[in-house]
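In what follows, structures are represented as structure tokens.
Okay, so chain A shows up in both of these, paired with chain B first and chain C after.
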Partner chain A sequence: MSYYFTILSPTDTPLFNIAFGTSKGGGDGIARFRFPETAQYMNQFIIHSSLDILEEAQWTNGGMYLKHIDTYPPAAAYISAFLTPSGARFLLLHQPPHLPSSTSTGSGLGSSSLLGSAGSTTRASSSSVAANPTSPQTEEAVRQFMNEVYENYVKTAMSPFYKQGMEIRSPVFRTRVTAAGKKWL
Partner chain B sequence: MAAPPRHSTMLSISNGGTQQSGPNDKQTQQQAQTLPQSPGLRVPSNRKTIYDRHLNRSRNAELSRASFAYLFGEMVTYAQRRVTGIQDLEKRLNEQGYPLGLRLLDLLFYRSTSTSSSALSSSSTSSSPPNRPLRIITLLHLIHGPLWRLLFGRSADALEHSVSPDTPNEYMITDNDPLVNTYISVPREMSMLNCAAFVAGIIEGVCDGCGFETKVSAHNQPTEMWPSRTVFLVRFGDSVMEREKVLERAGVK
Partner chain C sequence: MTSPGDATPVKPPPSFSPGVTRVASPSRYPEEHESAQSIDVQLAESQSASSSTPPLSATISDLPIRSGSPHSRSGRSSTPQLARSSIGSPFDGRADGSEDIRSLIIRSFSPTIAVHASEDTEHLVRNKGFKGGFWELIRPFGETVSGKVVIRDSIGSSRAWEDYGVRFVNFKGIGKSTPSRDSGPLAQMEEVLTKQLDSSEGLMGASVRAKDVLGFPAATPLFKSYLQQLLCVAPAAPHETFGHPVANVIAISSRNPAPLETLRQLYADSTTGDRHLPDWVHQEYLRYYVLVHDEERDDITESTKLYDQMKRHFGLHCHLLRLRSSQCVVTDDDSVQVPQCEWLSPSEHLSGAGEAGTLISNHGRKFANLHSETLVDLGTDGTPYLFDSDATAIRAFIRELVVQSVIPFMENKVAVWNDQVASRRRGISGRFISMSKRWAFGSSSRSGIAGSSGGNSGNYDSTQHFYSPDSPEAVLRKMADFAFMLRDWKLSTSTYEMIRSDFGNDKAWKYHAGAHEMCAVSMLLNPLATSAKIKLDSVDQLFETACYSYLTRCSDVPHALRCLSLAVELLKSRGGSATESAAKWAMRVMDFGLVGSVGQILYTERVAACYASKTPVGAAKWGGRRRKAGMWSTLAADQWLKAGKPTLASACLEEAERLYADVLEADGVFPMPEMQGFVDNLRHAVKVEYLEARGFDARDRSPNEDPLDTEETSEKLDKRSHRRSLIGLPVQLDAGALNTQGPRDPENPNDDFERA
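Entry: the complex of A and B
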């Protein structure tokens, strides 16, 4: 599972973004997206295209965590959203690892034999919580992750030197988000 | 902690911090070690950044009223420099309050979630974090109740809707004795001035943060019993009123 996380200001300015991979089930925490190295902008493209759906969902659901809101099937990318009360948007794109040419998405046992040589990350993540991007366990893990990031975001916003809409450059914040990603995803 | 701290202020902070967060200390030090040593990042000598402090720590802390009055007086003086008139002055005060409102909103929600989750640790399913306000009434109740309590330790005194059919977008929040005006004496020739414009700015920030375009102004409405009674007039924009109608039809609460 690979993740791309981004924070957008109420006026759609990107404030922070980070790409990371799963650390669950022996994952090494390195993102491996399905796009070639030269096309990493696809992540941003997909994430930003979900903003329309988010802006619709925002007025029907009063919760802060809006769960999984959008899917981009060609890249098997799933997008979960969290809205802070002051209008900042946290968007998380998750993408299960590429299963080489297997039409049966393989659950557990089957896939591990199929993918024997496909590398440890693929095998490991098929058994991890995040293997199924829409399962309740994944929703819960993402919720915990979002809440932890939210706590750190509030701390950033409370800083007298931070103005709303400024890019978050703090290396401490980045470490904290990475740690939250390691812990939950 | 063995090395002598650079500043005496740091000393007092680090002492207070270690007493409060004993169990977290090891974690904090690890964090500090793993920090990328980027140039330009300076951490305090006790290695605690704002991210290491708990947001609920100052939750029940009280602020000295004298220092608040002094600071606020300075803010008014600062705003008064080079202004062209009372309206301009009030606008400046409003602008000082606005960013505060945006921040308080996040803090308010963070604190209400964390309390509900700690209270619910025994019964795990029943609690949900408070909802973001979607309708005008929920938003105004949020301001009238929780926000006022966070700022002044009590709820506001009244919340009214304009009775005039021409202005359905106007709401009024009344404070009988606003804290910000307690120590401000307005000179006679500026009797129109109400320094609670600062609080009006905070309200505006909260409304805007929630996605409700608003103009808020503070007005003196003294009564015999409450000489510094202040009414905050909240005027929602057309886009908000339109959305309000759509949401009402959709049955969103």
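Entry: the complex of A and C
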């Protein structure tokens, strides 16, 4: 399972991006997306396109955690969303790993290193979370993750040096998100 | 020269002339302006087209027409002033594009009429320049019956259709499918696509997409022609009766020395002779007798006498068709061009493409055709001409055939079968019978399958894989198909609904798939069932089952692709939340790998179109799918570029810009850095390839002397702000890498570019 997590401002500007892989079941925490090494922009495209659904879902769902809202079938990418009261949106793209049968030729190290997804080989990391992206366990794990990130986000946003709408550059926040990802996903 | 029904809704705007290639695309015009304009054009076209054909009644009146046919209708009152859209279609308030596709789908399921002509008739017609004989002569005219056709449905209410058509097939060809062909029909379709692409790029590489004219939800002509081929690709098959003849036209000519004997001979040929139809075709179809009178050589009194005799022998289903026997050439006074066949199978497209001459003089006309409707008409250069009187006579003949014989015959059949077979099944006893069959013989049927012998529950022949045509299942299927072709979708839905589980019980998987598919299709076509009424879930379920049966149980890829494409188009035309499942099915098509590489791109475009057609509602602008549509459009642009079609890529890219315009803060500025980078690169690559395709070197061209910029200002298109996909790019990105081939043109004057 590979994850791409984004915090978007109310005006759709990304405040924070991180890509990571699962750490459950012996995963090494490195993201391996299904796109070829040159097509990592697809993550952003998919996240961006799911804003259509998010804008619709945020008025029909009372909670802050909107669960799984959108799917991109060609790449089996699933989007979960979380709303904050200030209007920032947390979006998590999760993608089950490649099946061993599918064509995944390793890759040159193009722009992929940018996201830390050095595509070498596919490794069927099967944990309970990874097995089924829409299962209740996954929903619950994502909820825990989102809540923890939200807590840290609030702390970061209250920093006197942070202004609303600024990109979050705090290394502490980044490590905390990574830790949350390791813990729950 | 086209009949009023032929007036296509897709019209080029007046400014879309070949000289001013790409800039004139008015896709940025306000929507209202566009639609008003296109409707005006359409009206004008249809009026001019209809006014130039003489009124039917004038020419019919001098034919020896029988009177007092029991089913004679007042259908001859053709009122060409009324545009097709105002009367012929019940789907008001939909976008032009989806309306168009819907009508295409409806017309694709039209009754099949076999044509069986005697040797002397074929000889006469061949002298007129139609190599394929009588069938080829009347075939293009059958695709649109002139005037309105009134059809009565099962509850007795009539409705008039302007766009009714029938499909003529050669009698000898029915059921003789050619599996020995080297490549499958889908491969051929792909080949046709490639050819069309190449030819359209070759013709000055102009943008030939009507999409620019109608706004995005309209299908591109390329996709339309693809869909058309797909819909007529299936040969006559046991499991659906759309390809089975509803009627058989038996034709002799006045040259025949022994006319009545020949007619008998032809009749016997068609029923018992070696040419008789396969076993799975129901033998009860209408016979229609035609006497072709040679105006130039033979005496009309003789022919009239013979015709009277025919009427006495064969009853009312006769016609005297008066044709001139000499060949018509373009320079003759009253020559008209034979209309093009709309429904050509891929193999016909390919063979037509082979014989298409490269006549430079015809270039202009060809190009005009390209703009008007299809990319396809590669065969037009060989299109023969006809005398005006002949064309009128053939139209009148086909109208009479359809209105007075075929439609009443089908209505009658539907009523009879509905009464005798369907109602028995619907009754309580029928339910008992089918249920007892299911429970009592369930086990035996299973063992029967295992032994692959008879003893099956019911009438399914599991060795030859068809029902005998008299069995209730086959009759019900035929009745449902008839109702479908008569556009009585309510009846056809209920009938398909009734039989679809039976086929599953008999393990007749193709029948099973077909019934599920058509059940869903007719449910979606039924204009009375509004989107709220029918459950989209159940429709989805039906398509799912049909698709599974076609693909997994029968591995019938063409039918599966047809089924899914119908699902995409019909759900899309439903609007609302159905567009999402339309997009889902389109993605499924790509996922299953049912289409080739060009087909993949077309379906990518379709996904974009599906999402784009979902319009936001309310003041809050909820429920739009602009970002998704934009994404898919961008992906399509990327794929076109990879396929080496920068023109199409640029059109897609422009569409993506238009879609993104609503959701982005600033024009063309994406919030996400990697998206921005990708789109910028794509824009640049498209631009470079586009210019290179015209023999220009874009390397050291600063944005100021961008030829497109120059063109824009010279065109004074102040309604468009600017072309975002092509101007204002940082040229110094990496043009050198993309620009290795082709010698540099030292001068590249701007004026030349406009003509290029």
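Throughout what follows, the second predicted complex is superposed on the first by the 159 of 185 C-alpha atoms of A that agree within 3 Å, B and C clash if a C-alpha of one lies under 4 Å from a C-alpha of the other, contacts with A are read in each partner's own complex, and residues count from 1 in each chain.
FYI, a contact is a pair of C-beta atoms (placed from the backbone, for glycine too) under 8 Å apart; a residue touches a chain by one contact, two chains touch by 3 or more.
Since we're looking at a predicted model, the values are computed, not measured.
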With the two structures overlaid on chain A, would chain B and chain C clash, or do they fit side by side? fit
Is A:P73 in contact with chain B, with chain C, with both, or with neither (first, second, both, neither)? second
Identify the partner contact of A:Y153: answer first if only chain B is touched, second if only chain C is, both if each is, neither if none is. first
Report for A:G25: first if it touches chain B alone, second if chain C alone, otherwise both or neither. neither
Applying the document's definition of touch, where does A:H48 land relative to chain B and chain C: first, second, both, or neither? second
Tell me which touches more residues of chain A here: chain C or chain B. B
With both complexes superposed on chain A, which partner does A:V172 reach: first (chain B), second (chain C), both or neither? first
Which partner chains sit in contact with A:W59 here, chain B, chain C, both or neither? Use first/second/both/neither. both
Partner chain(s) touched by A:Q40 [first = chain B, second = chain C, both, neither]: second
Shortest distance over all C-alpha pairs of chain B and chain C after overlay on A, integer Å, is 6
Could you pull out which residues of chain A sit against chain B in one structure and against chain C in the other? 59
The chain A residues in contact with chain B across the complex are 10, 58-60, 62-65, 83-87, 147, 150-159, 163-164, 170-173, 175-176
Once bound in the complex, which stretches of chain C touch chain A? 584, 587-588, 590-591, 620, 622-628, 630-631, 634-635, 663, 665, 670-675, 677-678
Along chain A, where are the residues that touch chain C in the complex? 8, 11-14, 40-41, 43-52, 55-56, 59, 73-74
Listed in rising order, the residues of chain B that touch chain A in the complex are 31, 34-36, 38, 41, 49-51, 53, 55, 99, 102-103, 105-110, 113, 128-129, 131-134, 209-211, 243, 247, 250, 252-253
